[in-house]
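See the structures that follow.
In the two complexes that follow, subunit A is the common piece, with subunit B as its partner first and subunit C second.
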Partner chain A sequence: MKKKKALNTYYIAVPREYDQFLALILVRDKNNKDIVPVRIQDNSVQAQYNATIYKVDLTHYVESNQEEQLIITETYFNRMSALPKKITIFEDQNVEIYDNPHFFSPYPTEKSQTTYKLASSPIFYTEEDATAKGGNIEYGPYRNDGAFTRSKIRLHFENTRPFPVFKNVTRVIEVSHWGNIAIEDFYKLANEGAELTGEYNKVDFNKYTQHTGKNSLKNLKAKLPYNSWGVYYKDEVGNISTSRAFRDSASNSVDMTIEPRFALLGGWKSNFYIGYNLPAKYTLFVEKADPTNYYLRQNSGLIFKGIMAEEFTIKVILPEGATEINYQFPFPLNEVSEEKSFSYFDFEGRPTFVFKIKNVVDYHDQTFTVNYKFSQNSIIREPLMILAIFAAVFI
Partner chain B sequence: LFFFFFKQKTAYEMLRSLVGSEMCIRDSNEGEASVLDSPFVQTLNSNAQKWAPALRMTILLMISILAVVVRVFSVIRFESIIHEFDPWFNYRTTQYLAKEGVYGLWNWYDSESWYPLGRSVGGTVYPGLMVTSASVYWVLHQLSIPVDIRNVCVFLAPVFAAFTSIAAYLMTNVITKRPEAGLFSALFVAIVPSYMSRSVAGSYDNEGVSIFALVFTFYMYLKAADTGSLLWSCGASLAFFYMVSAWGGYAFIINIIPIYIVAVFLSGNINNRLYVSYTVFYVLGTIYAMQIPFVGFQAIHSSEHMASHGVFIFLQVYMFINWIKQYITKSAFKALTRLVIFTFVSLLVLGFLYLTFTGKTKWSGRSLTLLDPTYAKKFIPIIASVSEHQATTWSSFFFDLHYLVMFTPIGLYYCLKKPSEGKLFAAIYTVLMVYFASVMVRLLLVLAPAVSIMSGMGVSYLIRFLIKNLKNALKSSKKQSSKYNVPSEFSVVGILLISYLVCTYTFHANIAGAESYSHPSVILATRDQQGNRLIIDDFREAYYWLRQNTKPEAKIMSWWDYGYQITGFSNRTVLVDNNTWNNSHIATVGTAMASSEEDAYEIAEKLDVDYVLVIFGGYSYYSGDDINKFLWMVRIGGGVFPHIKEEDFYGSGQYRVDGQASQTMLNCLMYKLSYYRFDEVKTDYWKPAGYDTVRQTEIGNKGYKLRRFEEAFTSERWIVRIFKVKPRENRDGLYIRSKGVINYPSDTATFKEGSSLFTNHKYSTKVVPPKKRKTITVSTA
Partner chain C sequence: SFFFSSRRRHTRCSGVSWARRCVQETDLKELIKSNKVVPYQAPVASEEFESWALILLFIGFCLMMWFFIYQITYRKVERYLIKELTIGLLSALFLGSGTFFFLLSVGLYM
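This part shows the complex of A and B:
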């Protein structure tokens, strides 16, 4: 990049047809800090070049004639689709993907090269400008591309793994000043691999076979916080008895392996709940100077790594009587709303914040903070009230 | 577990001491110079007398707590889940009620069951149970206690069991005026296994609340009869109203009370108190009963109510004659009485016969089965097919009632030795229930409170008698009465023996409750080779699969046993369910299961069936599966569609699935779906492939393919198998009318009909030429 003035903005272009599948862009400059670019609305360039433009504010100014290295990570979802769309339980799943092998940018590019790392050697790939080495396919190098240069390639290859996606995740965090934080996650899980056609074939397919139903989702691994206790795994019709969890001090987490009620073949869905408790002393902090000022620190990511959630809702239920509520998230939120929830002996309702995030990936595995004022004395109000009622009834 | 035993023992020990001290109090006046006169015993007596009511209440409270805790084994060992079959409908209805309110339930037309007919739930349900739990739910929510509706449903029956024990205490108290007998009754009824079988946590069925309603109604009525008070009579009819709203078994009340009145009349003790109580109870009770939509005018014209009408009219006439008595001579009165009674009775009988034969009044199938135990077997296979409608075996009597069957005769003896109105009532109730319980296993439940009350009376009578003897022996020889001359050693042994029997009973009840009656039946538990507990969750696995991975409007065909569970767990539409109101619809499903694949396909297609669900235990030793129930499907199907014949399903004179089974059996849908590809797996290392672990034999039909159905899901242990009904193959079921076809219609009318079918792209089953059936090679075992 050669510019005349010192600059701290940089623009990224994403082909418009892929923009709807974009989960996250991260830019890392030389300060090693992740920056989330902002999408630019209503730009005539977008229509003209069929591209969506994102703007990055770098952490420092880049002088003219200086070189700056940026690492741009774009995370997409749903770009691969099964081909054929439906397979029998004996067949292996193949997928195809379309992409633009040029570096798509609003600036001219001197040299670019794209490498595709596939799960297996391809069945088909667009051969123009390509060199294939097993599962790695290199396009380019392309030299002196103009702005918004694009072409289209197609890759078709075998990928027998399941494609688990959470269509929706709702997490309810209930804060009790008696010393417990109760967390319950509700997951709507789907396996978006090639759909099953034909018979289920119990004889050939079960939990233990490797050679049939390869794209079936048999289990998932979750990492819960190290101090979590009272873990449960259930769904709308009751407890699911196929899960294991152990506290792993090496990875500082509770490792949990769950099996859905049934192995999810391509196109199948299942819902489930995972709940656990955290001792408040590890996540709920009080300000030393002001003992009514509380900070709740919680993880804003999924307990399952490597699986995307299309919608993620976090509900934080604070104790009745909490006031002056603020929150800080390390990334932008899609929607925030406030409501009241009612639990045992609540009459005015507990202040509840609902945070909605779209397209949650591993990047979102960070910490958010909710800060509120609460008088510790008011927690004995409810027990006193119960006592009073009992006294009124029996005396 | 130990905790409960401990608790029971305490309750029991305290009971014993109480009984002892009470006895002391009553008979302590006459002593002269015996141990009983010592100041210590005197103080003890007066103290005991002072504290007796408090002690009694404490014991009763502990019995109530015991009644609850002994019933939560199922939650501790499994989870808080609704059990079995019918509770799932009750649960679903309660959810609906809690959401939509009473009027919502009244107007609920449930299109998810009995497809394509649907079911008007509001008018075909006894809503007492659901209204009770929904009210509890609403009240708790008003009090800011947001409990889950499921937990309300799960724990309702145990709580009502506690109420039942209190009601039994009250009832026995009214009958005998002896609180110790009441406490024994309360203890017995709290843990009687037969009642526990229907009221463990999760067993959310009508009986759970209605046994309480039954005992409480009897208590209220006896109180009314005892006092002749209008208030108690109104109370009795209100309790009866609750009973009617909760369970069809209210018919027992509306018959036992009139029979009791007749019995009192025959013994010559009819009086104004009884007259008032019965008249008020009858009038209000009948009006109340009519308020339940499901009962409605049946309270007037069904045969179950005829006895109550008859006795009511009879009492009025009798009282009228009694009134006339004051104005006419004795001999004229006698003649008049005889005349009126004779005409009246014959009129009643004639009237009843007339109504019966003209069909104006009818017994329900279940009532007829009670009156004539062979009736259901002959005419209504659907009632006979239910295992809880079978005749009771002696072993289940003993298992469900245990030593109560020994104590009851003692109670009866006591009732007849010193008869009173209340005791007569208890005796009638017990004797009638013994008969009904012998006819149907499930009615052991109604017998349970009767024998508990009887046993309470019997045990307390025996102990009182023995203690009187003991005390008599302790008295100075002058004062000894000759009435109580049983040797002391004998009394001591007798008391110890009774204590031992009662203790044994509590142990047995505990074990029966914990081991036999605490299984949810939708979750099975077993042990693996290492002895670890293994949960078999096939039902929920498959039901949940249906819920998640079929279209919301999918229709599931299964035998009716699983209807409620499928609508409850899977939220999908079923053809038939446990509300067996439409026999011919069930017969259609039975016929489909008993037909060949092609014929079954025609039925399934006409009924819009998307999936067929069968329960198959041959892989995993689950004996309650569809193949074992299959003969009932054949019988019920054959009852409506005569081409299904039971004898066709027998091979060599036996119902079997191996190589000697009949061709009809080997090729019917149920067989083919249950055993589809089963011949490719080995269930036992030493046995051939395709060895059925339940029938203990190798299956007879192997290697067949399904043409019309496709395996959609099979649970881990094969217990639930779900098959998809395939769409018609291209041009299947149609044939082109051309000159070349042999059966080209001769006249134009038929041709037009046929061609319009053709142009409308409708499938016609009439015009299909007979298909070539694939011949199936059957290998013999």
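This part shows the complex of A and C:
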């Protein structure tokens, strides 16, 4: 007779057709601890059932015949597509989504129920096993599903909001030991909602009213660190003055609202820079026992909450002469590389670390640390060079 | 090559190819709480940049004026090279550091 043993591993399956749109998957157990599952390379199961399997290492063992509660959160992008793809400036945007209402899992399921929460009653929903309660469509309860149960339902509903996406975000963090960290972000913003049919007409579209271009992107809200100073918002043309910033001690941040030069209709794009400075004493730390050992702590997420970045590149430029550089991120990175940057008075260049993360969502809004050794006396090099220039004039 | 100094900084070097550097295992939050690590203080506080710039540039310009007047009022044979050099270099020192602090005070950190 087989002895039943305790388990501390759980496997999650995601249909292959949806896995390419999966930005984040998180598992929370009854102790409220977040666990990040790891994608595994089991090719036979994945090929047979057209699924991607993720492995979860639970924090404790689950004894046989015992129940365990897990909350699995999956964040997808690009699952909703505008239908109709093109609308006039006066129409409302409608989107459709396909999904599997059964619980797709490598294990059999005794009972499952899926609820789709929409803002309002949908235009269309697949009727089979469905109960509609206003904006909430319930599918199920399904009993005794086998492993990898597949089915497809379609929802078509109204969603008049813009769909902002950052195609690329690049952040450059420059550390100066004279007491300042300079940060400049470059954003490639796109509105991936329903496009405009015909031509853009300034008579019909008035960005100050609610009646036209409801799915156009008119402004964005950002939260900068509380001690930011010298904030600017510009693009290749020049400074953009339509922005407001307010240092809010209640939310411990600088709340910034930016309005691009033009409202972005569906399919339109806009690039811009946002830069700010931080006094070094809030994010740069030095070890008491070894004053040449420095720790730089920075945010690893975007200043815009609720918007996904398809690719986020963080470049940390350390002062010339920094050595033994280590880094620590709270989540895995897609790519890490090292290069040299050249700025004022540089001979060998400043060590630069480039970190790349794909599909960045609000979960990535944490902090990362870069640790390096630097001899404080080297900072005298910059004033000495100015001195040398002046001395040459006199001699 | 890996920098492996686990004795002092408790680093762990991973075998994954993209993690060429060792990952810091000691959490920065704990280091800050236990006061092993303190916020960085620059040699000159940022509030004092303008004052330093003004004073240093002022002294530098005074010395520079003295240098030029010295050059003009005395004939070549009457001037002392040592005095010229010292005033020139001193003036360069003050003007140089004054310009440096001026640049820092307007936000151009090097």
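In the analysis below, the second predicted complex is superposed on the first by the 388 of 395 C-alpha atoms of A that agree within 3 Å, B and C clash if a C-alpha of one lies under 4 Å from a C-alpha of the other, contacts with A are read in each partner's own complex, and residues count from 1 in each chain.
We adopt the following convention: a residue touches a chain if its C-beta (ideal position, glycine included) is under 8 Å from a C-beta of that chain, and two chains touch if they have at least 3 such contacts.
Since we're looking at a predicted model, the values are computed, not measured.
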Fit or clash - subunit C, subunit B, common subunit A: fit
First, second, both or neither for A:Lys133, with subunit B first and subunit C second: neither
Angular separation of subunit B and subunit C about subunit A, which is computed from CA centres of the superposed model and rounded to the nearest 10 °: 60
Which superposed partner A:Asn239 touches (first subunit B, second subunit C, both, neither): first
Partner chain(s) touched by A:Gln328 [first = subunit B, second = subunit C, both, neither]: second
Subunit B versus subunit C as contact partner of A:Ala289, first or second or both or neither: second
Which of subunit B and subunit C A:Gly198 touches, first, second, both or neither: first
Which of subunit B and subunit C A:Phe347 touches, first, second, both or neither: first
Subunit B versus subunit C as contact partner of A:Lys117, first or second or both or neither: neither
Contacts of A:Lys5 with subunit B and subunit C, given as first, second, both or neither: neither
Dominant contact partner of subunit A by residue count, subunit C or subunit B: C
Minimum C-alpha spacing, chains overlaid - subunit B and subunit C, in Å: 6
Contact residues common to both interfaces of subunit A (with subunit B and with subunit C): 343-345
In the complex, subunit A residues that touch subunit C: 174, 176-180, 182, 230, 277, 279-282, 284-289, 293-295, 297, 324-328, 333, 335-336, 338, 343-345, 369, 371, 376, 379, 382-384, 386-391, 393-395
Subunit A partner contacts - residues on subunit B that touch it in the complex: 79, 81, 144-146, 523, 535, 537, 540-545, 547-549, 569, 677, 680-681, 710-716, 718, 721
Of all residues in subunit A, those that touch subunit B in their complex: 198-203, 206-207, 235-241, 261-262, 268-271, 342-347
Complex contact set, residues of subunit C against subunit A: 3, 9, 11, 18-25, 28, 31-32, 35-46, 67, 85, 88-89, 91-93, 95-97, 99-100, 104, 107, 109-110
